[in-house]
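Have a look at the structure below before the remarks.
Letters A, B, C and D mark the chains as written, and numbering starts fresh at 1 in each.
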Amino acid sequence: MIGGVLLEIVAVGLVVVGVAFLLAGTIGLVRFPDVYTRAHAASKCDSAGAGSVLLGLALHDGFAFGDLKLVLLAILVVVSGPTTAHALARAAMRSGRRAWTRDERGPA
Amino acid sequence: MSVVFDAVMLLLLIATAITVARARDLVAAVVKFGLYSLVLCLVWQHRGAPDVAITEAAVGAGVTSVLFLLTIAKTARSERG
Amino acid sequence: MRTFALALVLVVAATMVIGIAGLPPHGDPDGPVHTHVGARYLEQGVAETGLRNLVTAVLLVYRGFDTFLEVVVIFTALVAVLALPSATRQPPPPRGEGAAASRREADDAVPVSPVVFLVVRLLAPFIAVFALASLYRGHVTPGGGFQSAAIIGAMMIALGLVFGREHAARLVPHGAKAWLQALGPLVFAAVAFVGWRLTGAFLGFPADEAAYALREAMVVVLEVAIAVGGAVILAQLFMALDAPS
Amino acid sequence: MTLLGLDLDYVACIVLFCVGLYMLVAKSNLIKKVLGLNVMETAVFAFIVTSGMIDGGQEPIVVAGSAPPYTSPIPHAMVLTGIVVAVSVTAVALALIAQIHAHYGTIEVDELKELP
């Protein structure tokens, strides 16, 4: 009984933390000035956010065998998100996109 | 709840379709088309068509986008006029 | 041009709005979609075909002829793309003095990040397992021949993008390439002929209880042929469009 | 959901179809035209899938734990074949566009019309 309540608290906590991360990532994606900072915000916060939301959902209502799918999905998101951001930032670098600096007041 | 989800998804679908039409940069248009396909895939999963959703996710967002990008790399990147 | 397009779109939209005004509301259990042949498939499909995923049942057993022609269509599309001159023309391989330099140049042109290389190589087997699982369990879960063809095709394209043209070309064994491309239409025709000999109808499936195993085998052969043939055709379309023109 | 007696899901499909049609007719760039064709195709698929859905319906897979009502499987089978045909059509069109660019150096229809 107590274990169930604890599990529920952990699950809801994970989901709340994940949503907070996702919100921060989305704000960063909209507000940051250039492609590198945006990739930074999107990859870090979205993998942390989606990963912990998925883990929280897996723990919600107890952990059943079918919830392994959600854990696998969380691993997939955590692996593929940063890789995508890396590829994007690398492509931007190679095509000569310069990083934002304070003197320029925004990207060209 | 389901009605709200449906309405938001359909509005998002129409908005992405219009941004595909408005994009001058062809690569941006193709990326937006991939986003459109993924939203459509969510709508179909929600409407009890998981088979169609899987195929659309792999074909519409994956294969079609890659084919478009290959052709753009061979031709011109941005639309004139 | 723009005003003409807007006028055309408005006319088409008005026509279609008039059209949908006369349609029965969707989602109604008593609508015509759900009361005619669809209802019969839902009630008797499992008993008649032995397939629990009724989408697969409709695709292969009830509407097999459509699917046959559709497989022929994608094969024809591949033939059409391959018939264009640039798809088959290969650049001559660099020889002698400049070979090493030009190969290095080609390497520099599209370098693949080691991180992306590693992650795609790690994920590819999992994608392949997912595709095979959706094929193997396609009769009880969402999935089946076309779905796994799309997934395997997408995986082959991802591998081709990361490993480069030469390695990607080796994914499809050279000697078997022609047969694999035509696998869908060929196997469909063969199964249709077997069905004709057994039941007297082209693409017929034996319906009696005794032929359960045979019917199952026909469906499995068709699914595998669609999955393999479709994936090879998708990968070949990618290779053809990727070829330098 | 209905508005003025019109089913809003169907109206959304019509809007998508019209966006695709506009791209197909008004845009001069051939790649944009093919993208518009793809949007039109997906709008038709969305229309067909929507017509087969049922209120509270489940996916048409009869296993333990599933119960009627099921969505109609016929539209799903039609759309499944349609998606694969659509990607084949797109591939043929794109291969032709690459050929046109190799021969004439442009893929804008108004410039192609000017060519001798």
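The rule we apply is simple: a contact is a pair of C-beta atoms (placed from the backbone, for glycine too) under 8 Å apart; a residue touches a chain by one contact, two chains touch by 3 or more.
All figures in this text were calculated on a predicted structure; none of them were measured in a lab.
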Consider the two chain pairs A-C and B-D; indicate the one with the greater count of contacting C-beta pairs. B-D
The distance between the C-alpha centres of chain B and chain D, rounded to whole Å, is 10
I'd like the Å distance between the centres of chain A and chain D, where a centre is the mean of that chain's Cα atoms. 31
Could you put a whole-Å number on the gap between the CA centroids of chain A and chain B? 22
Give me the residues of chain B that touch two or more other chains. 50-51, 55, 59, 63, 67, 70-71, 74
Where in chain D do residues touch two or more of the other chains? 9, 15, 22, 28, 50, 52-54, 57, 59-60, 70, 75-76, 80, 83-84, 87, 91, 94-95, 98, 102
Run through the chains and report each pair that touches. A-C, B-C, B-D, C-D
Mind pulling up the chain B residues that touch chain C in the complex? 50-51, 53-55, 58-59, 62-63, 66-67, 70-71, 74
Chain D contact footprint on chain B (complex, rising order): 3, 6-7, 10, 13-14, 17-18, 20-21, 26, 29-30, 33, 36-37, 40, 43-44, 47-52, 55-56, 59-60, 63-64, 67-68, 70-72, 74-76, 79-81
Over in the complex, which chain C residues touch chain A? Could you list them? 111, 113, 115-116, 119, 122-123
Would you pull the chain A residues touching chain C in the complex into a rising list? 76, 79-80, 83, 86-87, 90, 94
Under the stated contact criterion, what part of chain C meets chain D in this complex? 1-2, 4-6, 8-9, 12-13, 16-17, 20-21, 23, 25-29, 33-34, 37-38, 41-42, 45-46, 52-55, 57-59, 63, 66-67, 70, 73-74, 76-78, 80-81, 84-87, 140-142, 146-147, 149-150, 230, 233-234, 237, 240-241, 245
